[in-house]
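Which chain is which? They are A, B, C and D, in the order written, and residues in each are numbered from 1.
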Amino acid sequence: MKITIGMFGFGRTGSVVAKEIIKDEICELSWVLRKSTAMEGKYASRLLGFDHNEGMIYSIEDIDSEAFYQDNHVDVIIDFSSASAIENYEQAAQYGTRIVSAISKYDRFHLEQLKALGKQTAVLYSPNITLGINFLIEASKVLQRIAPHADIEIIEEHFRDKRDVSGTALRIAEDLGLDKRQHVNSIRVGGIVGKHEVIFGLPNQTIRIVHESLNRAAFGQGAIYAAKWLMGKDKGIYTMEEAVALNFVNNTHVFEVDE
Amino acid sequence: MKITIGMFGFGRTGSVVAKEIIKDEICELSWVLRKSTAMEGKYASRLLGFDHNEGMIYSIEDIDSEAFYQDNHVDVIIDFSSASAIENYEQAAQYGTRIVSAISKYDRFHLEQLKALGKQTAVLYSPNITLGINFLIEASKVLQRIAPHADIEIIEEHFRDKRDVSGTALRIAEDLGLDKRQHVNSIRVGGIVGKHEVIFGLPNQTIRIVHESLNRAAFGQGAIYAAKWLMGKDKGIYTMEEAVALNFVNNTHVFEVDE
Amino acid sequence: MKITIGMFGFGRTGSVVAKEIIKDEICELSWVLRKSTAMEGKYASRLLGFDHNEGMIYSIEDIDSEAFYQDNHVDVIIDFSSASAIENYEQAAQYGTRIVSAISKYDRFHLEQLKALGKQTAVLYSPNITLGINFLIEASKVLQRIAPHADIEIIEEHFRDKRDVSGTALRIAEDLGLDKRQHVNSIRVGGIVGKHEVIFGLPNQTIRIVHESLNRAAFGQGAIYAAKWLMGKDKGIYTMEEAVALNFVNNTHVFEVDE
Amino acid sequence: MKITIGMFGFGRTGSVVAKEIIKDEICELSWVLRKSTAMEGKYASRLLGFDHNEGMIYSIEDIDSEAFYQDNHVDVIIDFSSASAIENYEQAAQYGTRIVSAISKYDRFHLEQLKALGKQTAVLYSPNITLGINFLIEASKVLQRIAPHADIEIIEEHFRDKRDVSGTALRIAEDLGLDKRQHVNSIRVGGIVGKHEVIFGLPNQTIRIVHESLNRAAFGQGAIYAAKWLMGKDKGIYTMEEAVALNFVNNTHVFEVDE
């Protein structure tokens, strides 16, 4: 049986994520909800070049939230829209729908709403939902624990016009307990999509964990991973790092020697 | 209280390891055992440029194995000599001495001896005992589990005169279930000390874990880590990967959001 | 005054190149010639999303080659179509039109035609016309001359489905006099667009020159560079490496010291 | 016939350089001049573990400068000592001896002396005399000329205890006309010997030139290259970049196509 998905957001990233969901063998895109009425009644699948109907687009303006989430029940809502969308889908939780939120930044008010939602259903929140970045963060934490005296520096490289320091790099620094202003080095050149490197320096060896983004479909694959992972979880609020970290456990070993 | 160490081997690598043990705050080098009688009666510390006496050097020829391990009891024996050394120190196990073996390759006979020793005391065996390489192996296994569809390639770079394919690279390939002839790429140029890179390719992102060796003192730090880790273990036979892997567990997360 | 360009080919790469030409301040796309009649009479600029008319599309079937190149004279023809296109535009040479060919591979017959064309006008031929790759080749040759004892290895990384060894990597090996089977290492993983690395190993230092492709617009910028460079050349046949190499000359130095 | 070398300085770097000179097939170490009298009368070769006599050590205190440079004529003096050494060897210039100076930093006074010396003999001055770094600088200048719109960033990585920003990185920035405070990124971790990377970012491609130091013998090979190069030069004052740059010239091409 497929995992049914409802999607909030169909912009630059949202549409790429929708495409990945449609292509996934286990997931099915039930619907897309948008603020605008512009594409209302069309199928996301058709707009994305597929030959079948999947992911009817609705406008928030024209639905009755109470009835909608019951009549159009989905297993998981994936949210790539904006912070305030949560006001809309909190009714869905009462029908057992789980939530994956990839919103970049919540204000205090909406964050409280998200936490409240975690008391009714399973919620995973991650501002950077790619598998690779979350692996990088978790592996870095482990290495820091193994080699507590290592010096650590972060290099992030992005295209020339990206103004701010990478939020992901700041998150890595925070997770490793590093002073963000001291240890995050930003490179802005040409058209680099996104590269993050964590360098661990020991007196006699150097270890580097490097993540390179090729395009934003990586977000779709991360969201799908999160949705699948969340299907086995009780209510509560989770992070992507956690979804990845559990793979670091139960790493049992058998003693073997090449002969 | 310090962890007392007995050392087998005082060659090119062994002497560097001994130096790291002497410098370590928690470990103490009780003695060094050698086949040759050449440096008998001297202190390893003095030969390595320290100003105090630590690590008296004995020759296997001139000791009574039975009495020696009782009279010169140590918490851990670290072995950087050769496969046959195990014949000598198996008596030590009965006095509770634990064993860290960094021998490159055991034949079947000595491997059986090592396994037998694991029934009397705690034994850790690792042909590449650096922290960084074992972290790289464990992290790679985890990433393979998170992203089972990723393509994986290994690049190893070493100095021009290194003839064989890196044993470490072969071990990585084996641990990841990769065909060694297909997926290990060997670069031989100039004076590169040793670099191992594992590349994980996904459709939309690339992840690289890179280890660079700067010098062989990295072995000393690995051996010390292994010795300390082994102090808390029951009898049995362990690997360095395991000593590192346990750090990947209990990675608990608290939900936090920047506000 | 602008450099006027006629373009052969409007496929996956050709259309991206046309877009770069339209965007360039010094170049102007006069026309596009195609085998097919499909887009005949349309403007390339419109098809590529611009708001003005530039680059009328013609079909080879419907033009009179003799008259066409006189009536629609251009300074440079840029060819991203196929080997046989040369049969069509050789008449253009008699009106002083220069030729930039980026065809991947010529057979003997068409290669002779290209050489013959070089006796009438200035022709630049390069199967990989990006600036970066040609810089990498030239710089590698220079470094090999400075450090003739260096060991050299080439690593090329591309997406999983690329079957053949990178033609660019083979060209680099050839230019450096290296055995292609021994010194070109191919990595095939995930979605890597294209990366070429030349490693120079000396006993006490390692030098790496690395080129990463982000997308195929790099071909457009290379072709424009070639067109501009060719404007100052007499008849003859040139390579992109040469267009780049001349920048390596006249590197005069003034003695200066920080005080 | 061999190139005879006189050496100033026999400290940490100087002695490694002397060793490379002794090992070189074309160069011969005639003598070493030191301030101290400590090793006076010994052979550098013996102190460095060779089995023959080469490079008698003299003390400046005990020689007559006037007679010494005539009686002990050498083709080239290589100076790895300190800025004031020039006061001592300026007499050597009148006997046709050429000068290679690798002093890190000259004050104004000694710099004037060096310039004056350039009117009598051929003088090469370079604070970083490795081949690799000078290649990196020259190649970067060339690439900047080919791709003037590229964004350029410099990353330098060194061991934890290196306090200052790398002088070499500052020199690269200066040579490329970059604001040093904006474009030099310093990484300080563990035991990294020395790595310099220049990143050129274009909209559709990225080019990296990377230099990694393995140990200080690289200085010896650079000094030997400089000495050999200087043998063919008239009086004047030269830089290492220039010695390397001339290899970038006369890069003639023959048109060839694989068939």
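Going forward, contacts are C-beta pairs under 8 Å (C-beta built on N, C-alpha and C of every residue); 3 or more make two chains touch, one makes a residue touch a chain.
Because the structure is a prediction, the values reported are computed rather than measured.
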Original post:
Is the contact between chain C and chain D built from the same residue numbers on each copy (over half shared) or from different ones (under half shared)?
Top reply: same
Subject >> Whole-Å separation of chain centres (CA-atom averages), chain C against chain D >> reply: 38
**OP:** Go ahead and note the Å separation of the Cα centroids belonging to chain A and chain D.
**Re:** 51
Original post:
Residues of chain C touching 2+ other chains?
Top reply: 190-192, 200, 202-206, 214-215
**OP:** Determine the shape of the graph in which chains are vertices and touching pairs are edges (line, ring, star, complete, other).
**Re:** complete
Subject >> Complex contact set, residues of chain C against chain B >> reply: 150-153, 155, 157, 159-160, 185, 187-192, 199-206
**OP:** Spell out the residues on chain A that touch chain B in their complex, using ranges where they run on.
**Re:** 105-108, 111, 115, 118, 125, 130-132, 135-136, 138-139, 141-143, 145-147, 174, 200, 202-218, 221, 225, 237-239, 241-242, 244-245, 247-251, 253, 255, 257-259
Original post:
Where on chain B is chain D touching in the complex?
Top reply: 190-193, 214-215
